[in-house]
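In the two complexes below, chain A is the common chain; its partner is chain B in one and chain C in the other.
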Partner chain A sequence: MGPKRSGASSASSAPLPPLSIDPTAVLSDAISFSGTYPVTIGANSVLHPRCKLNSTEGPIVIGSNCIISERTQLIAPDIDGLVLGNYVHVEVNCHIQAARIGDATSIEVGTKLGKGSCIGDNCTLSPLSTIRDVDVLPAFTVVYGENQRRVDASATAVARNETMLAHIDCLKKLIPNKSEKYTR
Partner chain B sequence: MSSFPYIHISCPCHEDRPQTLTIDSARPISPSKSPSKRDFNFSPIAPNSPTKGRSLLAGFTPSVSFDAGNLNLDSDDEEELTDEDDDNNFDPRDPRSAFSLFPIENLLYCEDCHQIRCPRCVQDEIVCWYCPSCLFEVPSSTVKSDGNRCTRNCYLCPVCTALLAVVPVHHSSGHSSSDHPTGPFNLFCSHCHWTTSDLTPPIQLEKPTSISAQLSKLTHSPRDNEFIRLKQHYAQQLGNAQEDFTNSPAALTRLMGLYTGLGSGSGGHGGSRKGRGVKKLEMKEVDRPREVSEDQELDIIERMAVEGLEASKCIVALATHGRKKADGYGKATTAKQRLAQPHDPRFLSDLTPTAVLLRTKRSKRCRACRHILVKPEAKVQTTRFRIRLVALNYIPSLTIKRLDSSITWDNLTPHKTHRFLLTVTNPLFDPISVSLLTPRRTPGTAFASRVTILCPEFDVGANTDVWDDALMSTKPASAVPSGVKTPPTTGSFTSFSKDPKMSTVYEQKRNYTSVVIEVVPPEIPDTRDTRIRDERLLEIPIYVRVEFEAEVDRDDEEGGGGKPSHSGASGGAVQRERVEYSYWCVVGVGRVGDVVEGVVASEPNTPVRTPVGTPVKAPRTPAAMRTPLRQVRS
Partner chain C sequence: MSQKSEYIQTETGNKVSRKSLIIGSQNIILGGKTIIQADCCIRGDLRRLVPQGQNAAAVAIAVGRYCFLSKSCLLRPPSKTYRGQFSYYPMKLGDHVFVGEGSVVEAAVIGSYVNIGKNCVIGKFSIIKDCVRIEDGTVIAPNSVIPSFSSVEGHPGIVVEELPETAAEMLERELNHQ
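On to the complex of A and B.
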């Protein structure tokens, strides 16, 4: 299913899934797409090189102002797909099989999100934390230390979104945009 | 438990026997006969030889049993030898051994004592105190008066122990105002997002600087008053003695006297201090118990009850709605958090930021000769060392590898012959000759494994410049593949390599040599559940003996000691001297697994075994020790 886009000059010979990329999004070189379900990337989002998006089982939707870092895998868990909200920051080397990730959630280095898990808005997952399959994380949860959890009452969400925008501005200057390579 | 394989070296401080080089003290000799040849097998000093004994374990002479056919001994001595040997072998399972075994990276080396020094036999001296967060040095006088925590702006999160940052409470959007943030301010943990506003009552600071001063005003608890009261009381008691109670031995005696009552004029050593009031030396403890305010306790009980109620509500809510705040009892502190804070907080909302503990830079001295072994640069910002005598630069280090990649370290097969490659690396600039001695059966256990080192005596090249090796590449390769019986010819020390004993060396490169060690573990029951110690753990003690010729300065000589004058022997400016030292190390090879069908107990099948007739261990006779091995480099 899905139209074949063999015209793309990407290294992989496999056809790309149907992509809907906002013109303001920045996609770097060497992003690996696999699967046949559609992938949507919102406005002003940045995808680093060598991140992997696997839509074999379902669609992937990335909101606006998101950062997806290197070597991170986004895998749609089922037909309902993987939906990232706005201002989501996914750091390096994460393994994401969640169903939903809420707005302004920060997922730090090496985090594993189990299949079908649901992460609320404004959550923070510190490096190397693990979320079990189908687990639900309420909004403003911080996972820290040895997978301990606490409620974020710091009211720094607005400040963090501003930091995200500044971060994205900087990345846009540094990362050459190759999104036309994937949309051709 | 470290992962396999590991090699730990035993520090000589393990052995508290008096250090003598005579064999008699280490191994009892039957009175009926005079000391035979074997009693001098390991004696490092032969009469009239220019040998300088640097035995690291002098007095702890190893005696190792070998295959009878390979022993160069009178046959009537054999049984006696084997019996006695068990006492002298290093037993890695001995509870005492655990205290002296260290990886070589943790060991230092005293150049003056010529001995390994472990953390137990060095003395630490504090060079400076500093805060690991702001890297400011704290004078020791300040440490004594203000305590061992940073008094500047460094605070740690009480929830997750990450460093706290100062952030304005009210976030002002817009980039221009960030240059001059306006208060009030929070301390904010960027890891778990805890802030001082989470406290009840919230702590908010007026200024982003001098946090310690602001916090001490805001977090003053009744405990602090209690501490001040106790401090005052004891200061008064110690009182008129204005001397420093920490260091001088006289003050210590006095302090002991305060408690034992010896100080009050009685006893022999009380006489000298009659000047200051003898009566005051009787110490009064604070007789008032800690005050417990009933109201406070009731308040705590009430809050806990409310928390409990909320928790049960939350659980119900969680079950029905799914997404609901679920922190019920999560508001209580953990034991770790309670212990970390002086005011014993019961609730997370009572936790206060903790100031960063100071760190020290330390120099280390040899306990025996007081020479400095490690001396860091006094400046906090630099990580360099002025002096650092690490054992790795003095002691040949051992590594072990699998020869057969099918061996799994933590599941060795009983009755199977496991072959490992033992590599000795030489850090010295002189070629060394090494003897590796190991008990034929691992000591200290009822389930002894059979251990054979196929070539226990060999040479290791000098740690020369890598380019020297490259330049000498026209000469025949020094590597000897397994089984090839041709002796290696390395240009630097041909006198050694003519030795037939070098023929079974597995590999020989610039400054390392590898030999094969064979291990046949027996069938061992799994005792981890029933006993404290793990019988299946396979640890092999190996006695490493090293001999080499070193250049010595005349000043470095040990004074006296009946050393025969041999300065005329070499004539030139450079003196070369035979040096030997030795140490025990323990190789943690792995864990023995369950019995595998089809593998039965048998003699180890050893295709590269030493031919019969060649001694696996050729004990050096005193005559051999006397043979001139001195080399003078041109």
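On to the complex of A and C.
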């Protein structure tokens, strides 16, 4: 956790929130941090350029082996903060105000998670799905089509996590790591 | 139409907004006369990984001529595991392709005369043939193939209508009126 340094984020000149970034995490250029509550990023996680983390209302914790894609906004809903589990894949254009996202959950393009919602482990949210405020999704839920839901019985969680690791390895070769820029 | 100061014009007549975000421009080919609007994001850095010793594949995104990429749309090469190696794969757009505001494109191939509406999601490795119209808010599933002369709508996107033989001219005209 480094001291606050102004001007590190290209989006604003406001001081960065207290950051605790694992040395194996990869943060690309132009990630915007705002707010004053601490942000924790776990081991081996990858943050794409132009993703936004807003910790004005509470802390944000990102687990290990997560991928957060560009233009996604992670907003802590309240003082209890936003907690992402391990192996979470958040795709492009998502707007996330959830309280908790379980392990090995895939959140696809343009998904909106309402304030204080709780997503269980191993869930899949298909593109452009919307979860209402304080909604709770049990583990292995798949949200598809016009907000229909079913239970994922494919038992592919282990294979999925292996693919996630391969994906992260690939991204680590492609995306230059600028995490020291945010921690100085 | 465009303010002179906002756009940079290249030698081949492409107009690229200064407010767009183009990453890995060395891996992107623009065919010419293409317009890229503000907040548009093109991920050329997500290129194909090849085993050591081979020449690195140079092109991540190839865009044809007379394409129009609207505000805040996103072009992102698709990725998958093939023969035990996870990699991104190149993406190809034809000529006269229109991509609407806020759409996310992760297709493998998009043909010519394709009109993609606003806020669409084109899934990974989907193949869109020539003369296709995709309505606003459509979600095309990964790995799907959209045949020529079709109009696609819905979540997931399905072909709702066949386009007439004049579709190419019609779609080109629509693009010119944007």
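Just so we're on the same page, the second predicted complex is superposed on the first by the 175 of 184 C-alpha atoms of A that agree within 3 Å, B and C clash if a C-alpha of one lies under 4 Å from a C-alpha of the other, contacts with A are read in each partner's own complex, and residues count from 1 in each chain.
Quick note on the criterion: a contact is a pair of C-beta atoms (placed from the backbone, for glycine too) under 8 Å apart; a residue touches a chain by one contact, two chains touch by 3 or more.
All values derive from a computational prediction rather than experimental measurement.
**Student:** Quick check on the superposed pair: does A:175 touch chain B, chain C, both, or neither? Answer first, second, both or neither.
**Tutor:** A:175 contacts chain C only, not chain B.
**Student:** Quick check for you: in the superposed arrangement, does A:24 touch first (chain B), second (chain C), both or neither?
**Tutor:** neither
**Student:** Identify the partner contact of A:136: answer first if only chain B is touched, second if only chain C is, both if each is, neither if none is.
**Tutor:** first
**Student:** When the two structures are overlaid on chain A, which partner does A:126 contact: first (chain B), second (chain C), both, or neither?
**Tutor:** Both partners, chain B and chain C.
**Student:** Now for A:109: first (chain B), second (chain C), both, or neither, which partner does it touch?
**Tutor:** Touch partner of A:109: chain C, not chain B.
**Student:** Have a look at where A:50 lands relative to chain B and chain C in the superposition and call it first, second, both or neither.
**Tutor:** Only chain C; A:50 stays clear of chain B.
**Student:** After lining up the shared chain so the two structures overlap, which partner does A:92 touch, if you call chain B first and chain C second: first, second, both or neither?
**Tutor:** second
**Student:** In the superposed arrangement, which partner chain does A:158 touch: chain B (first), chain C (second), both, or neither?
**Tutor:** In the superposition, A:158 contacts chain B only.
**Student:** Now for A:150: first (chain B), second (chain C), both, or neither, which partner does it touch?
**Tutor:** In the superposed model, A:150 contacts chain B only, not chain C.
**Student:** Does any part of chain A touch chain B in one structure and chain C in the other, and if so which residues?
**Tutor:** Chain A residues touching both partners: 126, 145.
**Student:** Give every residue of chain A touching chain B within the complex, in rising order.
**Tutor:** The contact residues of chain A facing chain B are 120, 124, 126, 136, 138-139, 142, 144-145, 148-156, 158-159, 162.
**Student:** Note which residues of chain B are touching chain A in the complex, please.
**Tutor:** These residues of chain B touch chain A: 159-160, 167, 171, 173, 186, 188, 191-195, 197-198, 322-327, 330.
**Student:** Using the touch definition up top, name the residues of chain A that touch chain C in the complex.
**Tutor:** Touch residues, chain A against chain C: 49-50, 70-71, 92-93, 108-110, 126-128, 145-146, 163, 166-167, 169-170, 173-175.
**Student:** Can you list the residues on chain C that touch chain A in the complex?
**Tutor:** On the chain C side, the touching residues are 21, 23, 41, 43, 45-47, 49, 74, 76, 79, 81, 85-88, 102, 104, 119, 121, 123, 137, 139, 155-156.
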